[in-house]
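You will see two complexes here that share chain A, one where it goes with chain B and one where it goes with chain C.
Take a look at the complex of A and B:
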């Protein structure tokens, strides 16, 4: 069973622990500038929204790559950049409608979320469970449950 | 290592930016941030320097845990000689600026001299450039922030800036970063203004690495986060109500200074409390509080993000800029107290507005509110008149007057410049120095020393003038952390204050937030520092570092001209007993604690470090 990163912005406080955990896993240092997940602050509305790759099935980035550097991890469903193949042409960064593939000038390659091989660090680091790693087939379960809870089940005359 | 081992020295007179290695010998003696930057100030400046002269220096400094995954590890401090006090000043801020500075590869920036024309520092990793600030001089912090993001076409820039008040020389200005986080106290922003330095804009992409033992660090920081999450204050009280969780608690205890400390309970406290910020209002059905927000790396998230009631007088009308109708940094307990209880104003939206203005113009809301409170007492006595105030009826409880004065002071105009003198100078100027609720020139925070005795000793001996953050004995005397002591007793308070002062100096030097200490003791913090930093950072060493920092600051102040006579409280707190509440009949009893405090500090009876103490600590 595949799992998905599930983000609930209402729970996010904007602390950036997820960004640090991501950079530590991938870059071995605390460096939010190199995070694959970004938290956006909408200051005037008082909202924090974490955003990262949704691992599209028909992934634009994967199809756009001229050297087939982006490959599917069948186990996790993640689209993973193979750094030894990537030539840093950045076509995938243009192809991605969501902007979640980005160039890293230090390596000359692109970086994107790879679900940490099936154990995403961002979800583990989030102190408020705004980021969870859940059944990819039931990402709507919590919302369904909250609506279900409101259903009137009292006896009807 | 955790330190970046790099300092940026910016000579504003010459217009030069020069990197140099961090003095690692000092880092091992003073840890970082507050301690280490103060060491630089002590070594490089004359304690008698005029704080607003080019000879004073201003240091923006991070700690070894800044920019790491340690909870709350995003703090930075500004250390300088404070113009409000004439004492060593060290103001600590959260937000995201400090971590960005560290991520750019620097431990600290030392600013010296004075630029001939207004400038800002643009820092992109190793690249440091002083740039002309003509277009933002005269602009608010919020306008400056927007201009810099736009000018550099970089939404990820982190910015610390001063407002107009600091340019005009209002003496209690802070430096505001990330729009609503501030190194707030003692006038550090006024020093920045005196140097013609408008802002610092930073982008860092280098990362913070070189953790001594990464595995031990991750397990120590995770253990720390668990303690914070499971603690009632840091896990529930602070995220839900922010520091405003204290408003009703302290008021019921009879330790809520009210109307310039004339009494100790405020009848309007519940209307301006953390609970009130959750209440839906009539006009739009929404509460004042939009949500809580975190600073960099903070798993507590006590920050308030608030809006003003759209029907309130402060935001009504077409002339009011739209940004006052948007969400921004809301009331913390200290601001709600100073702008509210101390001025007798119980209008939550007026306080939120005045707080927005303090953030927008870079003013310390504690000193601002407390100075307005003193001015209100002078007005009610007939010493200040409508002629002085420019027609503002400066009576206690007048919300409109509070908001008008905030605007005037923020712009450094008219009577606002009188308020901008701070309470001590204002009261002296009008012949009533006894009405200034200050120590060493800095206004009191929100705990009455007659109802919480340890806080009286805290204020009297604080190295940066009256301040609650130098030894927050409220934790013990009110909340029972780490153990409960009687707030009305004086026995043992000297020891308590010393222990809190030394431990807090360590926390402030590490790069983390003092609010963690609602849940953490040094036993929780030490493993995080020890895993991050090279060297042996055991508990005894940390306590010695804390004590060394405290004594270094004290020695600086003594050399600046302070004496034991300055370790005192205003006559109102020493002699006028609390009139109501559980502390009724009490005065501060400072005289019962101070001699004992000097003794256990290893100071002479006139408050000077003995030769033995200096030698033991290497001060």
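Take a look at the complex of A and C:
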């Protein structure tokens, strides 16, 4: 069964352990600037919101890539950057309307969430279960996806 | 059903693959004018810095990809179209019958109308063949004059600089990338380039290019020496500018914009303006003929008018939507979205939608010229309609999301006007993720 990241902002305390875990797993450093998941702070509302790629079906990044460097992992449903193919043109970073594909100036390539191959470190590191990796049908990602559909440049007639 | 696609760039290739998925039985012929397998011009700058080999520019990496999908690729060019009989004439002399035709012939560099533009040592940077010439001539220390600091000019700047050439840039606009960047951003990019040792002449035109010794003389000398004219002589070219300067060059690269490849349609009944006019299904005025990519003038998301958007994401969207309609799956195109991202010697810039702003709209900007960071947001009422950024690499795509999603900003408009960097927060809050 395909699973996805379920994010419950109400449970997030803003501890940033998800960012640390992501950076360590993927970049081998404790550097939250290199995390693929990001916790956004809302002072006015007193709220923290962790956010990363929803692995959306539209896969704007994948379709915009001119050299086939982003591919679907059929097991996890993740859209994964193949670093050896990526030329660093950054078209995917502007194509993704969620802002979840970022350019890494150190490597000259782009980075995005790949669900850690099916065992996401951010979810494991979260002490309050604000981030959980669960059956895709249960997640609140549907509302993000329905929004994705609204911005689709080619809505079905 | 017999499908013919003219043009093997991203629009043509994505259309062919979409046709195959939608109509497993149809016959699909993809006609490309260049000898290489379908490739991406977007990847050429990375070929020039030798980060990737030529094969790294290919749109599809598996050698039997097209064969496996039952897509026939032919290297040929269309010389004539007989629309009433649905038949193409190809330069090889062959004919090709079609039921549905997609014109995805892309664009080609505009040739600057100045004397000397055809001299050896003057090249475009558009095809793999052009790239091979540049790789050969742009040797360390070579003097290179780049005409045009638009998107293509700027994207190859870095490659040229990394190759260690002595580079000068000539741009007729009053700033760099004038069709993608506003005054502030375009001038910051210019300053950045100058700080990296590149001579930038803006508001300057090239009057002509001369062979220093005269073409006849040069040919004789190089002929005697057994060299080809291009590598035969140091600084063989002189580029005359309208500001009185004269630049010496071993290589001149002309990157003065592109125009749609639609000449072969002259005399046909296919309706043309700047490009081939297409409706919201990417259909031309002839029901069985569609157009996609750089050659097509389709609906613009931001203005609702018809525009040529010669960018990769539009080519890819056009190709997919056109193919769905060709195969009978009725699909509406909501309009292409103008957006660009550019890396000029490590300075990353992007612009989106109506970055130049709209009448009656308002805007906010933050600028740190010493850090080369800049962000400009353009609004119409409480919706963002355009944006420009310099030095922004994190979450930049959300600018597209906010603009193309026509996200009502509500109280977040004021918050953004106080702190434009809170883009992601605005997007998350207004999309009920908060």
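FYI, the second predicted complex is superposed on the first by the 139 of 157 C-alpha atoms of A that agree within 3 Å, B and C clash if a C-alpha of one lies under 4 Å from a C-alpha of the other, contacts with A are read in each partner's own complex, and residues count from 1 in each chain.
The definition used in the following text is that a residue touches a chain if its C-beta (ideal position, glycine included) is under 8 Å from a C-beta of that chain, and two chains touch if they have at least 3 such contacts.
Computed from a predicted model, the values in this text were never measured in an experiment.
Of the two partner chains placed by the overlay, neither chain B nor chain C lies in contact with A:59. Once the two complexes are overlaid on the shared chain, A:78 sits clear of chain B and of chain C alike. When both complexes are overlaid on chain A, the residue A:14 reaches chain B alone and has no touch with chain C.
In the superposed pair of complexes, A:22 makes contact with neither chain B nor chain C. Of the two partners, chain B and chain C, it is C that touches more residues of chain A.
Contact with chain B, but none with chain C, is seen for A:34 once the two complexes are overlaid on the shared chain.
Of the two partner chains, chain B and chain C are each touched by A:45. Of the two partner chains placed by the overlay, only chain B lies in contact with A:127; chain C stays clear of it. In the superposition on chain A, chain A positions 45, 47 are in contact with chain B in one complex as well as with chain C in the other.
Taken in their complex, chain A has these residues touching chain B: 13-17, 20-21, 23-24, 27-34, 43-48, 106, 125, 127-128. Every residue of chain C that touches chain A in the complex is listed here, in rising order: 10, 14, 40, 42-43, 46, 51-52, 56-61, 301, 312-313, 316-317, 320-321, 324, 329-337, 339-341, 343, 346, 348, 350, 352, 393-401, 404-405, 423-425, 427-429, 431-434.
Put simply, chain B touches chain A in their complex at residues 67-69, 71, 96, 99, 103, 156, 179, 203-209, 225, 229, 239, 290-299, 301, 303, 305-307, 323, 326-328. Remark: chain A residues 9, 38, 40-42, 45, 47, 49, 51, 60, 63-64, 66-68, 85, 87-105, 108, 143-144, 147, 150-157 touch chain C in the complex.
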